[in-house]
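Below: the structure, in C-alpha cells.
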Amino acid sequence: MTKAGNAILSLDRVSKTFGRAPYMVKAAQSVSFDLHAGRTLALVGESGSGKTTCARLVMQEYTPSEGRLLFKGKPVEARDAKALAAYRRSVQMIFQDPFSSLNPAHTIAYHLRRPLQLHRRDLKRSQINDAVDELLQRVRLDPGIVASKRPHELSGGQRQRVNIARTLAVGAEVIVADEPTSMLDVSVRLGVLNLLNEMKRDMKLALLYITHDIATARYVAEDIIVMYAGQIVEWGNVNKVIDNPQHPYTRLLLSAVPDPDVRFDDPKAHLKTADVEEVRRLSAIPQESVVAIESDHFVRQIAA
Amino acid sequence: MTKPLLSIKNLTIDYIGETADFRAVDDVSFDVAHGEVFGLAGESGCGKSTIAFAISRLHKPPALIRNGQILLEGRDVLGLDPRELRSFRWREVAMVFQSAMNSLNPVLRVEAQFYDVLRTHQGMNRSQARERTAEMLRLVDIPPDRMRDYPHQFSGGMRQRIVIAICLALNPKIVVMDEPTTALDVVVQREILQRINELRKTFGFSVLFITHDLGLMVQFCDRIGIMLAGKLVEQNSAGNIYTKPQHDYTRKLWASFPSLHGARLMEVAAS
Amino acid sequence: QTILTANIEPATTWVRNFNPFSQTSARQSTLDFIYEPLVVFNRFDNNKPNFRLAESFKLADDLKSIEFKLRPDLKWSDGKPLTSADVKFTYDYLKKFPALDFVSIWKFIDGVEAVDAQTVRFTLVNPSSLAADQLVQVPIVPEHIWKDVPDPVTFANETPVGSGPLTEIPRFTGQTYDQCRNPNYWDAAELKIDCLRFPQLADNNQLLTATADGTLDWGVSFIPDVENTYVAKDKEHYHYWYTPSSMVAFLFNLETANEANRKAFNDIKFRQAVSMSLDRKAMVDVAGYGYPTLNEDPSGMGELYKSWSDPSVIEAFGKFGKHDAEAAKELLDEAGYVDKDGDGFRDNPDGSKISFSVIVPNAWTDWIDTVQIAIEGMQEAGLDAKIATPEEAVWTGNLINGTFDMAINSLPAAASPYYPYQRAFNETDKGKTRFTAQRWFNADLAKLLVDFTRTPDPAARKDVMNKAQRIVAENLPLMPVYNNPNWYQYNTKRFTGWSTPDSPFVNPSISRTNPARLLHLLALKPVN
Amino acid sequence: MGPLVRSLIRNRKAVVGLIIIALIVLIALAAPLLTEYNPASRVGRPHQPPSADHWLGTTRIGQDVFSRLIHGARTSLAVGFGAGLLITVLGTALGIIAGYRGGKTDEVISFFTNMVLVVPNLPLLLVLAAFIGQASPLVIAIILGFTSWAWGARVTRAETLSVKHKDFIKSAEMMGEPRWRIMTFEIFPNLISIVGINFIGSVIFAIITEATLEFLGLGDPKTVSWGMMLYNAQKASALSVGAWWDILTPCFALAILGIGLSLLNFAVDEIANPRLRTGNRLSRWTALIRSGEGRL
Amino acid sequence: MVFLLRRLGFYLAAFIAAATINFFLPRLMPGDPIEIMFSSAGAELSIENLAALKLTFGFVDGPLWQQYLTYLQSIFTGDLGRSIKYFPLPVTSVLGHALIWTVGLMGTATIVSFTLGTFLGILAAWRRGSIFDVVVSVGAIFATSVPAVVTSLIVLFFFGFTLGWFPTGYAADPALDPSFSLTYIGSLLYHGILPMLTLCTVLTGGFAVTMRNNMINLLGEDYIVMARAKGLSDSRVMLWYAARNALLPTVSSLAIAIGTVLGGSLVTEVVYNYPGLGNILYQAILARDYPVIQGQLLIMTVAMLVANFIVDVSYVLLDPRLRGA
C-alpha cells in the first residue's frame, strides 16, 4: 500500500481465519498496511468487519494464518524471545473500555510505577516517583490529586488519559487505540483525541486508530482504511477517501453517518434496504484487483 | 396547540441512598404531541432513562417519584392501580430499552415473547398470535418462519428489530426508545431508524427518543429536550437546537462533534 | 401362640443367615435354639451336665477318648432321624472345611467314629479331663442337608433344619424376625414358648426405648443408668441382674522395646505399686455405671470363680489388688523409683526415664474412661502415664505383636479359671493372640495347667488351681480391675420362671456365648 | 482492604456475626481464666445437672461441661480456621492458575477439581479418617484441607476467567509483567471477596465436618472438642437418660458459631455483590413511601 | 450434543479414577477385617482357621496390580464382592436394600427442599426487603449454618424424646410386613418424618439462598424489565421470566448439593438409625467391611455422576443457547 520504506510496522498480506471448513470465519483477508512514526492510520468499518482482529494481529495476540508482520522492516519471529519482548514493549494498546482497563485494586501511581520499574531499570526509586508525576502532567492530570486515587474515583476521560500515560511509560513507539472514545461522554471525547494527536506529534508515535465513527477518523488521522468482511475495500489519504468515496461500501457507510443537515424524511437521504443488501453482497466477495484513484487513494474493485 | 398525548409535569425522581438521596430527575416538564418524535439528549447519567422508566412506572426501589405528574391523554399514570397499570403498559406505552440486544428472554422462543403480549392484552390464542407475529415480523423485514428461533440465533440488529416489532404489536400510542441503536453500527442504525420512521407514519404513534448522539437526534426528531444533571435545560424544535442552540451546554455539546464534512465546529472545539 | 420378645445382638438390619458355623454373621439365635448341643454344662450349678441330644457321655480312664450316647428317636425338624452319623458327619465336615471350625476342635481331637447308631466316639490328641466341655461347643448339623451344600462357608442356611426347640422361621424382615417351635422337638413337653421374636435394635437409644416401653421380655443390652431409665418405669415387672463375666485387667508388656520402661515393668514391686494406684471402685462406678463386678483379686479369681479362690492367697497378696494411693507411693519410694531429673515424674533407680502410654481401642468409651481413671491414679502416684487410643484393629495388632507399653485387656469368662489361665499364660500362643499380650510365662504354672486337665478328681483339681493362683498372684502379670457385666434384663409381665438373684439356677444371659440359655428358655412360662 | 472493612462495619449482619465470633474467640482464648476445672479430668459426680458448682452440669464421667465447652471452642476454632485457610489457599491458588494459565494446565486442574467434586466428600472423609485412625484435630484439619478445595478452585477459576478477560490484565501482559505477578498482584486483589466467601464458607464447613467426624467416632478420644463432646454424650445416651445439658451444650455452641460465621458470609456476599444488599436503603425507601413522600 | 458427549467422557474418566482411589483406600487402612470381626464378636479363631477364612473372603495376597485388574473387571461386571459384616450377602444386595431407603429418604427430602427452597427464594427475591424476605434470609442462614448432626440431635431430642410425638428409630413399624397397604405406607411416613424434617431443614435454606441470589441478580436484567413493561402479570414475570432463568445456576448448584445431601443423609441416618446407605457405610467403617466400603463409595460416586449428568442434560434442555453447541 503506502510505500514500506520507513514504516515502523507493516502488515504484509496478512490473513486470519477462525474455525474449520464449514464454519470458517475469515476475519482478515490479505490485509496490508503500514504504520509510520508521527502518523495516524484510521481503521473504519462496520461491526464484525475485522478491525479488532487487525488490532490483535498487530498486538501479536493472534498469529497470522497467512502473511507476515514486519517490525522496522524485519519479520517478527515468535521464537526469538528477546526480540518479541522488545516488540511487545514497543507496541502498546489503549482499550475501548476505560472502566476495565485499569485494575480497580491499585492506585493510579501503581499503574504508572510498574511499567517504569519494568522497563526503566536505570531509574532509582525516588526518580520513579518523579517520573510518574511527569507522566501524569504530560497527559494533563494533576499528580497531586490523581496519583493516590483509585480508578473508580476517576472519570472515564481521566482514565483514558492514565492509559495513555501508561503506554508512554512503557516506552511505546506504536499505539493501537481500539475505539478509545466510544464509551466516553461526548464532551470529553475531543479532549482525549486531541491528547492522542499531541502525543503522536510530540513523541513521534505511530498510531492505529480503530473506530466506526468516520467523523472522528477524519479529525485525528492522516490515512484511513475502510474494511468490510475482512477485506480492505478502500484506503488512502483521509480527506480524499471521505470526500471522494469510490467503493460502494464506503459510500454506504458515509451516507449512513448521522448528519444533522439531512432529516430522515428527506427522500434523498433514504437508504433502500434492497440496495444496502446488494452492496453488502457485492463487497463481501473477495477481490484481488486494486485501482489507484490517485497516488494516495486506492480502491478495491467490486465484482461485476 | 392541540392537547398533548403525553405530558410530564414537574417530575422529580430520587434514588434513595443509605444516608443521602440522589436526585436523578429534577423538576422536569415536557409534552409530546400525537405523532410527534420527541428527543431527549444529554450526557450519560443525566437522568434520561430514569424518565423513560417512570413513564411506564417501571421503577423499583430505591427509585422514588417525589413529585410531579405523568399524564397520558389526560389520564394520570401515577394514579393507576396495579390492574389498570398492567393493561396500560405496552398497550399505550411500549418501550425499546437501552440494551435492546439483551431485552429478549434468552430461553424463550421469539414467538413466545410475542404470544405473551398478545395473550395478556388481547386474549389471543396461539394460532391467532402466530398470525399476528408473522405480520409484525414482516413489518421489520424478518422472515416470519424464524419466529420459532431463539434470540441468540439472531444478529444484534435483527434482535433490535424484533423488539421493535413486539413494541408495535399492540398499536401503542407512544413508543419510548432508550438509546435503541447504541450498540449497532451506523448502517444498521440507519436502517432501523428509517424503518421506525416509516412505521410511525403508517401507524401514527408518537416516539420519545433518547440518545446522546445529537446529530442523529436532529435527523430524526421533531422536537428535542436537552438534559443536564437531572434538569431539562433546553427544549426546542430540532432545527432550532441545531442552528440556534440557546443554552451554553447545548452549544458545548455541539462543539464536541467533529463533523464529517468540513470543519464547521472545529474552531469552537479548539477554542 | 406365646411369643417372647428378646434381644441378643444389635443390628442395623437383619440378614437372614442361620449358618451355625458362621460366627460373626449368623443370627445369634442359631446355636442352641436351632442346633441343640449334645450336653449343656450349667456353670451356675457347679458345671453340672444337663443332657440334651446326648443322654450320657463317658470319658475313658486314660482320658484319651470319650463316647457320647445320643437319645433314642431323635428327629431333625424336617422329620428325618438324627443319628450318630450326623454327628460324625459334622466333625468330619469341620476337618474338611477348616474355615468352619470356629472352636479349633481338630486341634483337640484326632478322630471321630460312629460306634453304633446312637454312639459316637472321639479320640483326643492329648489326655484331657475337659473333653466334654470342648466337644459340646460344636453344633451338630444334618448330613442330608449339608452334604449337598457347595460352599458351606458362604452358605446362609436361610431355612434351617435343626434339632433345637425353635427351628422354624415363619417371618423374616430386615426389622424383625420370629423363630418358632420345632414340630419334631424331642423335649417339646418342656417348651412353653412358641416363638422368640427378635426386633432389630441398632444402638443404645433404640434399645433403651424398646426396653423401657416393655417391648422386650429378655434382653442383653447395656442400659445407661438402668435404675432410672428402666426399672423405675415399672418396678414390679422390670428387673435386671448383672453377673460377672469376662475379666478386665491392665497389663504391662514385659518385653517392650523401651529399655527403661522394660526395666521397671519387670520389677514386681513396680507392678504391685501400679496395681495399688488403680482406683477400681471409681472404674466400676464411673466408667461402668456400677454394672461391672469389682475384681480386687491379684490372681484374677474374683466373684466369677469364687468357688475356686484360695483365701490364703488373698490374705497374702490381696492388698496388691486394692486401691491404696499412699501404699503405692511408699512402695515406689522404697523400691527406688523417685524423681531424679525433677520433671515431676518418677524415674528408674538408675535414673533412666519411665514414660509410657496405655493403649485402649478408640471407640470403646467405657474402657477409655476406665483407662482415664487408671491414669489419674498412676499420675497421682508420680508416674508418667498417658492414654493412647488406636483403632481397635491396631490395638489388637499391638497386643498380638507386643508393640506397646501398657494396655487394658479382657479375658473371656469360662467354666473354670483354667481357661483364662490357659489363654493368657500359654507360651506357644505368644504372638498369636491378644491374650498373651503381657508376655509373662512361668514353667511351674504351665505344668500345673497341664496337670489340671489330667486330673479328673475335683478335690485334686482344686488343689492344682490353688497352686496356680498363688503363682499368678505372686507375680501379678495382670492387674484385674473388674469383671464385665453379663447383661441381663427381664420383664416379668408376660413370662415367669426367670433365673434371678434369688433363684440363680442358670446363667441368665441370652447371649450366644452362654449355651445355658437353652435351659433358661425351657424354664420360662407365660404368666397365664 | 480499607473499603472492605468499612463496608463490613456498616453491614448489620456482619456486625452481629463479628460480635458472635469475637465473643467465642475471646472465651476460647480466656478459657483457662474462666474456669478452674481441667476439661479432661473428673471433677464431680457423673451427670449432675447444671448448678452453681458446675454451670453446665457434668458429663457422664463427671467432667465439667462448661470447662469442656470453652476449652473445646479452641479446638473447633483452630480446626475451622486452620482447615479453612488451607482450603482457601489451595483452592485460590489452583483456581487462579487454572483460570489464568488456561490450556493444558487448566485442563488438568479442572479435571482434578471436577473429580474431587463428584466424589462425595463426607463419605470419603469418613474413610480417610478411619484410615488414618484416631484422627486428631490437626489431622482432621489437614485431610479437610486436601479434600475440600475443589469448590473454591472452581469458583475462583470462573471468577479468574472473567477477570482475565478484563483489559487491565491484557495491559499488564503487554507491559511485560511476569505471570506470577499478574496472578498475585493483578488478579488476586480482584478476587478478595470471592476468596473471603470461600474462606468463611470453608471455615464453617471445616467446623461442621470436624464435629461430624468426631461425632461418628472417628476422632481422637483424648481431644477436648465440641465434636467429642457430642460423641461422648451420644455414647452415654445423654438424650435417653435426660442429661440434656451434656448433649445440648455442644449442639448450641456449634449452632451459634455456625450462625455467626454464616452471617459474616452473607455479609461478605452482599458486599461483593451490591445487588444483594437490602439494608438501610430499603428501610428508608419504605419509610418514605409509607409517609407519602413519594411513590413508584 | 458435543457438550453432552464431552461430559460423558469426563464422567467415565472420573468413574475410573474414583474406582481407583476406591481400590487403594481400604487397602491402606490398618487392621485386618477378619481379625476385627472376631475380636469384636468375642470369638477366637486359630491361626489356621483364620487363614482358611481369609481365603474364602477373597483376601488374596497377590501382587497389587493383579488385584487391581481383577477389581476393575469385577466392577464392570457389577460384582462388588461379599460383605464381611453381613456375610454371606453380596455387597450389591446389602447396598441394594439400603439404597431403597436412602433414595426414598434423600430423594424425597431433596425434592421437597429443592421445591420449597426454590419457591421461598423466588418469593423472597421478588419481595426484596420485605418482612418475608428478611424471615427467609435469616431463616436460611440459621438452617444452613447449623450442622446436620446438631439439627438431627435437637430435632430428635424435642420431637422424639421430650415430646414423644415421633418414633426415634426404624424406617417403619417393625411389627408390619412391607407391603403396599395403607398402614405400612402410613408407618413409613410416620417414621420418615423426623429424618426428613432434619434433612429438609438442612437443605432448604441453601436452595433458598442460591435461588434468591440468582433471582436478584436476574431481576436487573433488561428482559425482566421488558417483561414488566409488557404489562405481564407479576406472577408471570416472576415465574416465566425470572425464576425460569434463575433456575439454571440453581440446578447446577443442585448437582453439587447432592454431595451435601449425601453427607447430611449419612449423619441423619446414623442419628435416626435409618437403615440406609449412610448407616451401612458407617457400620461398615466400624467393622472394616472393605467390600461394603468400596461398593458404597462407588455407588455414591456413581450417584453423584448420574446427578451431574442429569443436571447437564437439564441444563441443555433449559438453556437453548447450549443446544446448538
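By written order: A, B, C, D and E. Residues from 1 in each chain.
One rule holds in what follows: a residue touches a chain if its C-beta (ideal position, glycine included) is under 8 Å from a C-beta of that chain, and two chains touch if they have at least 3 such contacts.
Bear in mind the structure is a predicted one, so any value in this text is a computation, not a measurement.
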Contact-graph distance - origin chain D, target chain E: 1
Most remote chain, CA-based centroid, reference being chain A: C
Centre distance in Å when chain B and chain E are each reduced to the mean of their C-alpha atoms: 51
Chain centre separation in whole Å, for chain D relative to chain B (CA means): 49
Approximate Å spacing (C-alpha centroids) for the pair chain C, chain E: 41
Residue list for chain E, restricted to those that touch at least two other chains: 30, 128-129, 286
For chain C, residues contacting two or more additional chains: 205, 209, 363, 391, 394
Touching two or more other chains - residues of chain B: 60-61
Touching chain combinations (by label order): A-B, A-D, B-D, B-E, C-D, C-E, D-E
Residues on chain E engaged by chain D in the complex (per definition of touch): 10-11, 13-14, 17-18, 21, 25-26, 28-30, 128-129, 133-134, 137, 141-142, 144-150, 153-154, 156-157, 160-161, 209, 213, 216-217, 220, 256, 258-259, 262-263, 266-267, 270, 278, 281-282, 285-286, 293, 296-297, 300-301, 303-305, 308
For the chain D and chain E complex, residues of the former touching the latter: 13, 111, 114-115, 117-124, 126-128, 130-131, 133, 151, 204, 207-208, 211-212, 215-218, 230, 234, 239-240, 244, 247-248, 250-252, 254-255, 258-259, 261-263, 266, 269, 273, 275-276, 278, 282-283, 285-286
Chain D - residues contacting chain B, complex: 10, 279-282, 284-286, 288-289, 293-296
Parts of chain B lying in touch with chain A, wherever the complex brings them together: 43-44, 141, 156, 184-191, 193-194, 197, 212-216, 218-220, 238, 242, 252-253, 255-261, 266, 269
Partner chain B, residues of chain E touching it in the complex: 128-129, 219, 221-223, 225-233, 236, 240-241, 244-245, 318-321, 324
